[in-house]
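A short write-up of the structure that comes next.
Chain naming follows the written order as A, B, C and D, and within any one chain the residues start at number 1.
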Amino acid sequence: MFSKILVANRGEIAIRVIRACRELGIANVAVFSQADRASLHVRYADEAYCVGPAPSAQSYLNMDAILEAARRSGAEAIHPGYGFLAENAEFARRCEEAGVVFIGPPSGAIRALGSKTSGRRLARAAGVPVVPGAVENLSDAEVEACAREIGLPVVIKAAAGGGGKGMRVVREPADLASAIRAARSEATSAFGDSAIYVEKYLSAPRHVEMQILADRSGHTLYLGERECSVQRRHQKVIEEAPSPIVDEPLRRRMGEAAVRLAQAAGYVNAGTMEFLVDGERQFYFLEANTRLQVEHPVTEMVTGLDLVKEQIRIAAGEPLRLRQEEVTIRGAAIECRIYAEDPFQNFVPSPGRILGLREPGGGGVRIESGVYEGYEVPVHYDPLIAKLITWGRDRLEAALRMRRALMEYNIQGIKTTIPFHRRVMADPDFLKGEIDTTYIDRRFAGSPQAWSEAERDVALVAAAIHVFLRDQARLAARTAPAGAAVSPWLLAARQAALRRL
Amino acid sequence: MAYFAQSGGRECRLDVRRDAEGLQVRLDENREFRVDCLQVDAGLYSLLIQGRSHEIDILEMEDALVVLVDGQPFRVQIQDERERRLRAGVGRGEAKVGKRVVTAPMPGKVVKLLVRPGDAVRAGDGVIVVEAMKMENELKAPAAGTVKEIRVEEGKAVGGGDILVVIE
Amino acid sequence: MFSKILVANRGEIAIRVIRACRELGIANVAVFSQADRASLHVRYADEAYCVGPAPSAQSYLNMDAILEAARRSGAEAIHPGYGFLAENAEFARRCEEAGVVFIGPPSGAIRALGSKTSGRRLARAAGVPVVPGAVENLSDAEVEACAREIGLPVVIKAAAGGGGKGMRVVREPADLASAIRAARSEATSAFGDSAIYVEKYLSAPRHVEMQILADRSGHTLYLGERECSVQRRHQKVIEEAPSPIVDEPLRRRMGEAAVRLAQAAGYVNAGTMEFLVDGERQFYFLEANTRLQVEHPVTEMVTGLDLVKEQIRIAAGEPLRLRQEEVTIRGAAIECRIYAEDPFQNFVPSPGRILGLREPGGGGVRIESGVYEGYEVPVHYDPLIAKLITWGRDRLEAALRMRRALMEYNIQGIKTTIPFHRRVMADPDFLKGEIDTTYIDRRFAGSPQAWSEAERDVALVAAAIHVFLRDQARLAARTAPAGAAVSPWLLAARQAALRRL
Amino acid sequence: MAYFAQSGGRECRLDVRRDAEGLQVRLDENREFRVDCLQVDAGLYSLLIQGRSHEIDILEMEDALVVLVDGQPFRVQIQDERERRLRAGVGRGEAKVGKRVVTAPMPGKVVKLLVRPGDAVRAGDGVIVVEAMKMENELKAPAAGTVKEIRVEEGKAVGGGDILVVIE
């Protein structure tokens, strides 16, 4: 086993990996950009090295600086998290060269599966059905030609992409040019690779993905599916395991297809095969994610496995400790991604300082968070600040528990998507499991309104009290001496903060 | 203090008084609320109203408050008497003319300018692409007109609320 | 099913019950003393009524006020939590009279089992072994006589007690009189009942208890054991499930004994049979707890059951939905009780205001907490402020996860037992499962010291920086205008609080 | 600034300087620490020292600091030069004489007085029972002597640090 691991990421996923290291008794090393000195992953790690200025191209994507931090600290392995360098075959190769273990698949498998175009090719060869489209790295003109050939709607995607970045759906011919431009530009800035491709856009499919684990000897397991149909701008916002539409026979068929594809690619470590599932429960391979997924906790909650620890053990050369028939699903889990975005203003990013934080607790509740009270969410990175996961004996218990936990979750100072999730958890369609990738647009179009009128009087009374107290406080401040210095010692101010009125 | 509020198509008047026992709020001259109010944080309150316990989280938006009552959102516009008189004096049309600017909704970086000064634009046309928190956001013209002024350059950082493009 | 439940308790357990109600879609009603207006259970509940002044005898033990709150709110049932009125047969009887369902056993079963003396009598009759001692309500003289008869060491206990209150061990004849006085006085103030009894004190037994569930038709299940040997002053501080020394045959024997005893008492709802287990793995019935236990979450974590929801369903007349063979144990769970006590000063209570709070997160971590940042822990009640529970695939993973979670847990403003728990989780004996009721005295006697010297230089450097910055801030404060008013709006002060130096 | 610290039987001198790059701490004239210090809360710090990341939580006790380094506690007594000179002037014996009082370690209520003025007590004898947070705590005499004064009554509330009994 390794004695020290470097975590080449930031935010909640860096903390996730640090926790796994700590629970395995492995020393851990964080890296951080100049904008991230106060970030929680730096505080939690055993060691921490600055790898460059705020822009990720100069820090979290800076292979030289990260490999240098590994060398300085004596780390024997690097965990890339998700995003940044996680699916970068070049980085995996450079780790191999530098004699440091990349905790992920070999660079060859990343190349074979990581690009969506070559992944689709491999799937076809392995007899796994795929969505119609062009699987090549296309020029702008070729994208347009192919789009016309397979017919609108189409989706343009970054070949190296993931998480909705560099992805655009085109429904009208007039939007094609600007979508190509946007996809290519985002692909370049997010992944350092401008390659894009196009495929048929299925109208209301469900997004179901299969988690796999493979050890070095080729022993490959599937750990069941996750349903990720609740998406906004093609970015997953709510995921769950198991999928409400997958039964044991379908699970086995999808799982075996995923394992077949992984083995064809010489895959090692944790990975995910994404599928679209249509109304007839036919599944089509969409793309592979050759890394840990954001939503991996829902699989952990129902299987009892710790995927990051499994990744580390596999990378250290250990064989998987269980057989397929020992993988059992207990209950159901749901994850809500908490973004620093304003749900009342079209989800524009809302960076800034967190002035108050109260996290939910209790049974069946898990929080993966990268923030704390007093922390400033920086403008430079992804707005995902936390994930809230709940478990229940069945899907309904998990959903009602999520609703309860979201009521307790309170973040002051920045806007977050918590109120949006509360609405979803009160929606009958969601509670019945009637979700697909059009779900959010279909159910939550238009400006967000209160979903019941019962408490409007209370809202009016509260608003009046709020402005009344604010006016009184302003009045008091005007009569107080101005310019009093604010120091950390004034935090004692908080002592007087809890006022009964 | 008297306040005037609009919410969900409803208009009402609210009178807030503080006395020895706490806060008393009258809604529209006919309903009285005796409120046991605990202020937990600047925008976070625990209200007990006739035995009902409510957790209130107030988000201040540009033109209104979003009041979360036990997590459920209500948009409330509220003014005191002075503000109400001021607003009454301003024509509604005027406010719209003043809105013919494209502002940055959040801090970010200008990725691309899609128009140049003098270009004619229709309402809804993309005029500028701003990247914030790793997502590109195409900002659109709020109304038809001519691009009068561009106040930023590609590659430059912008702050939340900065005016980026002026359309006339 | 009930439409509204009143929760006759405070703190973390009131919140625990409110959460269960909310997840079942049942309206809930909190009660609070005048000292508890700002407590979290009041904020989280749907309704809340003040039931009297701070002292519990006038509020949380005030049956009239609590029944009146139930009547006013229209609550159909009352959940008593643990402590206060939870094991009070008189209160259960008064609920029955008032036509409101007491969520717990019938008053007859509380009487039969709730008093330790009658519980032991019943156990003997049911063929369950008990510890030698006198099972009567004894006078001071009778306690002394019996102690002499069975021989020191003995333990004097409150007949109505629990949680170490009203309990005293006597090893020396000279201490007998003061121990009797203290036990009787605590029994009176904590339970309103001065009855005490005495039994043989086993020298280093393990404390293992069996959770049971019984529905109204007499269907009774055992849900496996909890080991609660890690105690201080006879108060449990760390509990776990399963017990490291219990294997499946012993679990079945203890479980069946517990079920037999419950059935003999006409028991309905959740309950716990406490046993002492000696070095030969012989078990002796100690007492019954006719209520939810503080440590119930560890059983929930390994069985996947929600005990409070089960209690509510049973009280509503529903039959148990599972059979004994469907109760399965997955993995292991550990609970650390977080007290507002100073571990560096002989665990004296440390009430006061919580100025900063960072809770741990991540997989397998559960927090049951009654506090929040800015909250003032009142002097009037039990110092238990939170419980931290971890789950792992095996005991070692749960323990290492606990160690990791305790590192993340940070409470500013008051002293807590978190540093003590960190020491336990680093102790080889604990990690090997070598624990008994003498464990804490044996391993952690004397003044607490750092358990390794490696970081003392860092501690010295940090101390110097701390006083340096404090001196500088005091200097700055002296030159700033004095008497600036502190208002909640000044909380923005926090914005400047995160200082890089 | 120069400080003098005692910890774990060790005595040392610490010099703290602030310069443009952050804080520099010298330990005992021979070891230099360049510290990247982030103050998170009044007693909570994140220190980066030569690549090592430490979370420091400082609890202020009556006569010392408890410094938790990544959760591990160290008791440190630390003074600046002025304080050190002051203490040096005070005989150690004197301080002990001044300690012959029984104080309430926390807020609570007096349950029972076990002694009366004029009673002789030995060190370790119980003198008073105080209930706090539902537990009864018997407070003991710090030294042998005679009870000179009892400042509280049974049933009365006491504050943390209040002097309850004076022994001479």
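One rule holds for everything that comes next: contacts are C-beta pairs under 8 Å (C-beta built on N, C-alpha and C of every residue); 3 or more make two chains touch, one makes a residue touch a chain.
All figures in this text were calculated on a predicted structure; none of them were measured in a lab.
Chemist: More contacting C-beta pairs: C-D or B-C?
Modeler: C-D
Chemist: How far is the middle of chain B from the middle of chain C, if each middle is the mean of its Cα atoms, in Å?
Modeler: Averaging C-alpha atoms per chain gives centres 47 Å apart.
Chemist: Would you mind pulling out the distance in Å between where the CA atoms of chain B average out and where those of chain D do?
Modeler: Their C-alpha centroids are separated by 51 Å.
Chemist: Take the average of all CA coordinates in chain A, do the same for chain C, and state the distance between these two points in whole angstrom.
Modeler: 37
Chemist: Rounded to the nearest whole Å, what is the centre-to-centre distance of chain C and chain D, using the mean of the C-alpha atoms as each centre?
Modeler: Result: the chain centres lie 30 Å from each other.
Chemist: Can you tell me which residues of chain A touch two or more of the remaining chains?
Modeler: 37-38, 44, 355-356, 372, 374, 407, 488-489, 491-492, 497-500
Chemist: In chain D, which residues are in touch with two or more of the other chains?
Modeler: Residues 36, 38-42, 52, 55 of chain D touch two or more partner chains.
Chemist: Does the chain-touch network form a line, ring, star, complete graph or other?
Modeler: Shape = other; not a path, cycle, star or full graph.
Chemist: Tell me, which pairs of chains are in touch?
Modeler: A-B, A-C, A-D, B-C, C-D
Chemist: Would you pull the chain D residues touching chain C in the complex into a rising list?
Modeler: Residues 1, 3, 5, 7-8, 10, 12, 14, 16, 18, 22-23, 25, 27, 31, 33, 35-45, 47, 49, 52, 54-59, 61, 65-76, 78, 80, 105-108, 111-112, 126, 129, 131-138.
Chemist: Please output the residues of chain D touching chain A within their complex, sorted ascending.
Modeler: 36, 38-42, 46, 48, 51-53, 55
Chemist: Sort out for me which residues of chain A touch chain D in the complex.
Modeler: Checking each residue of chain A against chain D gives 30, 37-38, 42-49, 72-73, 372, 374, 488-489, 491-492.
Chemist: Give the list of chain C residues in touch with chain D in this complex.
Modeler: Against chain D, chain C makes touches at 165, 178, 182, 185-186, 189-190, 233, 340, 344-345, 348-351, 355-356, 379-383, 406-407, 410, 412, 415, 419, 422, 448-453, 455-469, 471, 497-501.
Chemist: Which of the residues in chain C come into contact with chain A in the complex?
Modeler: Of all residues in chain C, those touching chain A are 15-16, 19, 22-25, 37-38, 44, 297, 300-301, 304-306, 330-331, 353, 355-359, 361-369, 372-376, 393, 397, 400-401, 403-404, 407-408, 470, 473-474, 476-477, 480-481, 483-500.
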